[in-house]
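Below are structures written as C-alpha cells.
Next come two complexes built around subunit A: one with subunit B, the other with subunit C.
Up next is the complex of A and B:
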C-alpha cells in the first residue's frame, strides 16, 4: 500500500524520526531539564508577572518525569533521570523556594490518594464518592492523639509523643482498612449508581460526625477543628544537612527548621507514594488483580467462574482505604491543623477527577492525573488570582479593560468546581479513557459502540453495564 | 416492567364509570386520596413510634416528660413534615422519571433544583426592584414565579441531556454518571459566577419581607395547642398537590405521557411503533427538570435565602426518598418524599430532648435510612426491580 503523506506532513515525520533516535532524545531531554531548572532558578518573586511565569515553569518541571518516562531512551537512563529529578532536583528547587516544596508535598499526598482510589474505582470498578472519608480517618487519628485542643484525649492525658509518628502511619493503615471493610460490608450488594450515592452518603456522614463529635464528649473539637497537631520531631542531623545543602547552593536560610521539616515531609511523601506504586502494581498483576478485573467487567460471570466476590470486594475497599489512612496521618502532621471542612465532597470529586483525567486503571496515568489536577487546583488557579490582584494594584489595562473593574467575587481560586466540572464533562465526552489510557480499557472502549446517531435507539448494553 | 406506567393511575374497575365521572375520579379523587392515605399512614405510624419511645424513655431530661412534649408538638411536626415532604417528593419525581426512562441516576438534578430556586429569586427580586411587588395579586405572583422557574429548569435539564448525556448513551455505566457529576459541579460555580458578576454576592435573599401575607404566621388551633404555621407551608403544599395532579394527568391521560411510558418499557419497540425516542427522553427530562424547578422556587420562598450550594442536601434527601419509595416508580417518589419529610420532622421534634444527640444528626439519619433501605429492601417500599439483568 502506498503511503499517502501530504507535503506538509513529511518534514514533521522526518523531525519525529530524528527525535526518536536515542542520542538525540537524550540530548533534547537534558536540554529541556536544563532550561526548566534555569528558568525556575531565575524567577524573581517581585516581578509583576511572576505568578504567570511560575505557573508555566513549575508544572513543566513536575511533568518532566512523565516526559522522561515516555521518551525513547534506555531504561537505565530513565531510572537515573527520574530518580535524580525526584530525589535531588526537587529538594534543591524546594530549598530555593519553599512554596514549590509545599506544592510537591501536596502532589505526593494527592498522588497517593488517587492511586488508592484507583484500586477501588479503576481496578475493581466500584465507584466510591466518599473516598475522602478514609483520608479523614487517618488525619483525625493523628490529630486526636496529638492536638492541644481541649478534647477528652488531651484532658485525660492520653496524648502521644511526636516520635510515634511512624507507628501511627502503620496504625493509620490498619484503622483505615477496617473503616474500608465497615463501609464495604453494607454495600456489597450494591453497584453502579447506588454504590456511588451510598459511598457519597458515607463520606458526608464521616464529615458530619467529625463536625458534631464535640458534644457530649469532645473527641474532634467540632467545627473549630483540631489545632496545634504535633509534627514529627526532626533529627538534629537532618537540620544540619539541610542548612549545609542550602549553604552549598549559596542560600543562607534565616530559619532552617521549617525548611528541614518540609523536606522531611517531602521524602516521607515520596516514600509512601513509592510503596503505594509498588503495592498497586503488584496487586494489579496478581490473581487478586485479575479477580478485580473480572468483577469490574462482569460480576455475574466472575461469580460463575468462582471469584470469591465478597472477599475480593472487601479487599479492594480495604486496600484503597489503607493508603488513604497512611496519607491522612501524614497530612495531619504536615498541616498541624485538621478541620471537618477539609474532607468535603469536593475533595472526593477532585480525587476522582485525578483518576479519570489521568486514565482510569493505569498507574502511570493516575499519577499524571494527580499531578495535573493538583497543580491546576493549588497552583494555576491560585496564581491566576495572585496575578489578577497584582495587575489590579498596578491599575493595569489590557485591551482597554481596566483590571481593577474585575469583580472581587470572581477570583479564579474560588472556582475550582467549575474547572473540575468542565474537566470531567470534556474528558467523558471526548476522551473517556484519560490522558494516558490503561491498555486493556482502551481496547474495550474502542469496541463499544457509542451511539451518537440521532435515529439509532438503545443499543445492547456494553460490557460494563451492570445493574438494571 | 417499568413502573413509570403505573404512576398515580386509578385501578381498572373505574373504566365502567361514565366518562366525566371517570375523569374526575382518575385525575382528581384517586390521586388526592392516595396522597391523603400516604400522609395519614406515615403520620399515624410515626406518632405511634414516638409514643413508644416516650413509653421506653419517659424522662430523657429531668423534669421533661417526653409524652407531654410529643402531644404538644404533634400538629406542628406533622405540618412541617408534610410541607418538606412535598418538596422532597417533587425533587424525587425528577430522579424517578429519568431513571424510569434511561435507567440512569441524574446526578445533576439537585443543581436543576438549585437553578429553579435561583430563578425564583431573580424574578421576585426584579419585581421588587421595580417597586411593584406589593401591587401583585398573591396568586398571580406565586404562579408566575413557579411557572417561570419550571420553564427555565425544564429547558436546562433538556440542554444538559443533549450536551452531557446523549453523546454517552450506550457507553459504560460509569461514564454518564461521571459526566453528570461534572455538570453538577459546573452548574454550582456557573451560577455563583453569574450572581457574583451581576449582584456581587451569591447569598440570594428572596424579597419576602416586603410581603406580609407571605411571612406572617397563621395561628392554627388544634384542641388545646396552637401551632404557628408560615403561609409558605400552605403554598408549598398547594403548589405541590396541583403540580402532582397535573403530572398524573400528563403521564396517564395524554398521548405524550403514553409515549413516555412506552419508551420506559421498551425503547426499541417504542421506536418501531413510530415513537420518537429521543424526543420522549428530552420530554422526560423537561418534565423532571420542571418539577425540580417548581420545588426549587417553592423551597426558596419557604426558607427565604438561597445560595448556589443549596441543592446538595435536598437533592440527596430527595434521592433517598426516591429510593425509599422504589426508584422508577412515580407513586413511590410521592410516598418516599412524604415519609422522609415526616420522619425528619418527627426526629427534629423528638431528638431535641435527648442531650447526647440533638438535631445536628438529622442529616446523618437521612443517609442511614438510605443505606438501610438499600441493604434490606433495595427495591424500595413500593418496589422496582433493581436486581440485575443477566
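Up next is the complex of A and C:
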C-alpha cells in the first residue's frame, strides 16, 4: 500500500508523519486529555443531551490510557501520563460524579477477569467456558463468612470481622487456585470443543450448587442469595482524605462515606489489576509462557520435547482461576449482595468475548477489550435509553418525528445482547484477531489450515455468537 | 547397549502394528530402521518415546525401563525425536522453538519466574546462549528470529533436529529426516547426522526410505515388515538379504520362496 502514492494519500501521510514527531504527539495527547477532562467536568446532569455527551466523554476518557500507550512518545512520559490518569484523574472524575467511579470499578473487575481468562485461553489455548465459576468461588467465600443471612456459618457464630478483607483476598486466590486445579484434573486429556463443553458444565455446577446449598444445611442461602455482606471498613483517614479532596475541587459531599468506600474499592481494583498484569506478563515471558505457547500450537510436539503437559495445564488453570478468586472477593464486598444469578453462563461468555474482541493472548488488547465491552454493556446502551426517555419527556421533534411516538419496546437497552452479538459477528468477520492483535496469534490464524486440530481456540466464536 | 527393546508388541484393536520386536542400539552408533510403508517404523518410535504404551514387551534405556513413562519423562530420561511430518511450533521463532526443547533441563520455579530474581535471569541467559549455539550448529543462527513456519523446508528439518538436541539427549530418533529434500539438501542433512554423533556424541537412530542415506551412514540396520523384524545387520548384509529384497520388491521379483510361517531372523 505504501508504494502506491495517489494525490489523496499525500496529505494524509504528511499529516501522519507530522503527528508522529514526539513533540507534536505529546502536544496532541495533552490536548486530547484536556478536552476530555474539561468536557467531563462541564457536563451537567440536568442538561437534555447529558446522556449522549456522557456516553461520548467517559469512554473517551477510559480509552485515553490506551491512546497514550500507543502514542509515539517516550516511555517515561507514558508512565507518568498513564499513572496520572489512573491514580489521580479517574478518582477526581469519580468524586465529581460517582456513577463514573462505579463504572471504573466494574471495568477493573472485568479487566482482571479477562486477564485471568486470557492466561487459560490465550496463553495455554485451553478453551474455558466456565471461568465465572472461580469468580463465584471468591465471591461466595467472602459472602458466606460475612453475610447476615441465616446461614449455618452465621448461626454458629463463625462470621469474620470486616477487617479481614485483605486476608480474604489472599485466601480467595488460594481457594480459587485449588478449584482451578480440581477442574483441571478431570479435563487434562480433553482438547478444544470437548474441553469447552466440560468447563461449561463445571461453571453450571458451581452455580447450581450455590443455588441449592440452602438444604439440608444452609450454606449459600439458595436462590435468595447472601445479603448484607460486609464491605471492608473504611479508615477514618481515608474518609477525611476523600472529603478534603472534594473540598479542594469545590464540591461539598453530602454523604462522604459511600464516596470514600467506592474510591477505596476503585484503588483495590486498580491494585489487583496491576498485580494481575505484572504476573501475567512475567509468566508469559518465561519458560512457563513458552511451554504454554508450545502446548497451544502443538500438544504432541510439546510433550515429546519434554514439556510436562499435566503440570503446565494445571498451572494455567490455577493461575487463571486465582485472579478470578481475588476479584470475586472484591466483588462480593462491593455489591454487599451475592446471588447465583450473577454467575450465569452468559457472564463466562461475556468475559470470553472481552478477551477475543480485545485480542486473544495480548495483555494490552485484553484490557482494551474488557474496557470496551464493559462500557458497551453498562454505559453506552443504557445511556442511549436514558437519552431517548429525556427526549420523549421533552416531546422532542426530529425531522417531523415525535420522539414520544417511539415505541418503548425499541429501547436500546433492551437490545443489549443484540448489539453485543452483532459486534462479535462483525469483529470475527473483519478482525478475528481482535482490536489489538497479538502478533503470534495473527501468524497462527493466517495459516489456519496447517494447524487445524491443534488450534483449540478457533472454535470460540461459534458458541459465543450463537449464545446471543 | 544404550537401548534394548525386548519382545515389543503394540496392537490397535485387531491390528498388530508392532509384533514381538527385539533390537539393541549400541551407544555411539548410527543405526537405521527401514521397511516398506506401514511396516510399523513410526509406531516403534512412538512406543520408544512414550506416545503409545506397548501392549507387551520391555524397553530398557540406559539401564532402566522406560515403559509406561509419559513422553515428557522419556525426553527427560534422554531420548529426543523429530517427526515424520515436521512438527515445529509454527508461530514461534526458530530460537523460541529451541528454547522450548530445553524445557526438561530447566529448573522451573513459579516463584523465581514471578520475582525475576538472579536465578531466573541467569537461567534465561543460559537458555538463550545455548539456543544460539545449537542454531549455529545446524547453520541457522542468522535465522534465529524468524518465525519457524516461514523457514524453507530444509531449514525446518534442521531446526527440528536442533530442537531435539536442545534437551541434551543421549539418543536422538529421526523420523524420515530427509523426506522431501533434494539431493544437495540430503547430502548436507546426512553430514549433519554424522556431526551429531561425532561432535556431540549422541547416538542416532533414523527411519529412512532413501537407501543412499541409509547405506551411506548407518553402521547397523534393522528391517521391519508388517510390524515384525525381518532382518538386521550391517549395510552390506542387508543389501543382499533375500527377505529384505522380497519385502521391498515383492516375492516374485525377489525370486525366492520361503515358508509363510518362517518369521525368524534372517540376518
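Things to note:
The rule is simple: the second predicted complex is superposed on the first by the 432 of 468 C-alpha atoms of A that agree within 3 Å, B and C clash if a C-alpha of one lies under 4 Å from a C-alpha of the other, contacts with A are read in each partner's own complex, and residues count from 1 in each chain.
In this text, a contact is a pair of C-beta atoms (placed from the backbone, for glycine too) under 8 Å apart; a residue touches a chain by one contact, two chains touch by 3 or more.
Computed from a prediction, not measured in an experiment: that's the story for all the values here.
In the overlay built on the shared chain, the residue A:202 is in contact with subunit B alone; subunit C does not reach it. In the overlay built on the shared chain, the residue A:309 is in contact with subunit C alone; subunit B does not reach it. When the two complexes are overlaid, the chain among subunit B and subunit C that reaches more residues of subunit A is B. In the superposition on chain A, contact of A:42 is made with neither subunit B nor subunit C. Applying the stated contact rule after C-alpha superposition, one finds that A:300 touches each of subunit B and subunit C.
Residue contacts after overlaying the shared chain place A:250 against neither subunit B nor subunit C.
Annotation: subunit A residues 300, 444, 450-451 touch subunit B in one complex and subunit C in the other.
For subunit A in complex with subunit B, the residues that touch the partner chain are 121, 125, 127, 129, 186-187, 189-194, 196-198, 200-202, 204-205, 208-209, 211-212, 215-216, 299-300, 345-346, 349, 352, 356, 360, 407-410, 414-418, 420-425, 428-429, 432, 444-445, 448-452, 454, 457-459, 461-468. Of all the residues in subunit B, the ones that touch subunit A in their complex are 103-105, 107, 163-164, 166-179, 181-190, 192-193, 196-197, 200-202, 267-268, 271, 277-278, 312, 316, 319, 323, 355-356, 358, 360-361, 363-364, 367-368, 370-371, 374-375, 378, 385-390. On the side of subunit C, the complex with subunit A involves touching residues 49, 51, 70-72, 75-76, 80-81, 83, 87-92, 96, 99-106, 108, 110, 113-114, 116, 120, 123-124, 127, 147, 149, 163-164, 166-167. Interface of subunit A with subunit C (complex): residues 279, 282-283, 286-288, 290-291, 293-294, 297-298, 300-310, 315, 440-441, 443-444, 447, 450-451.
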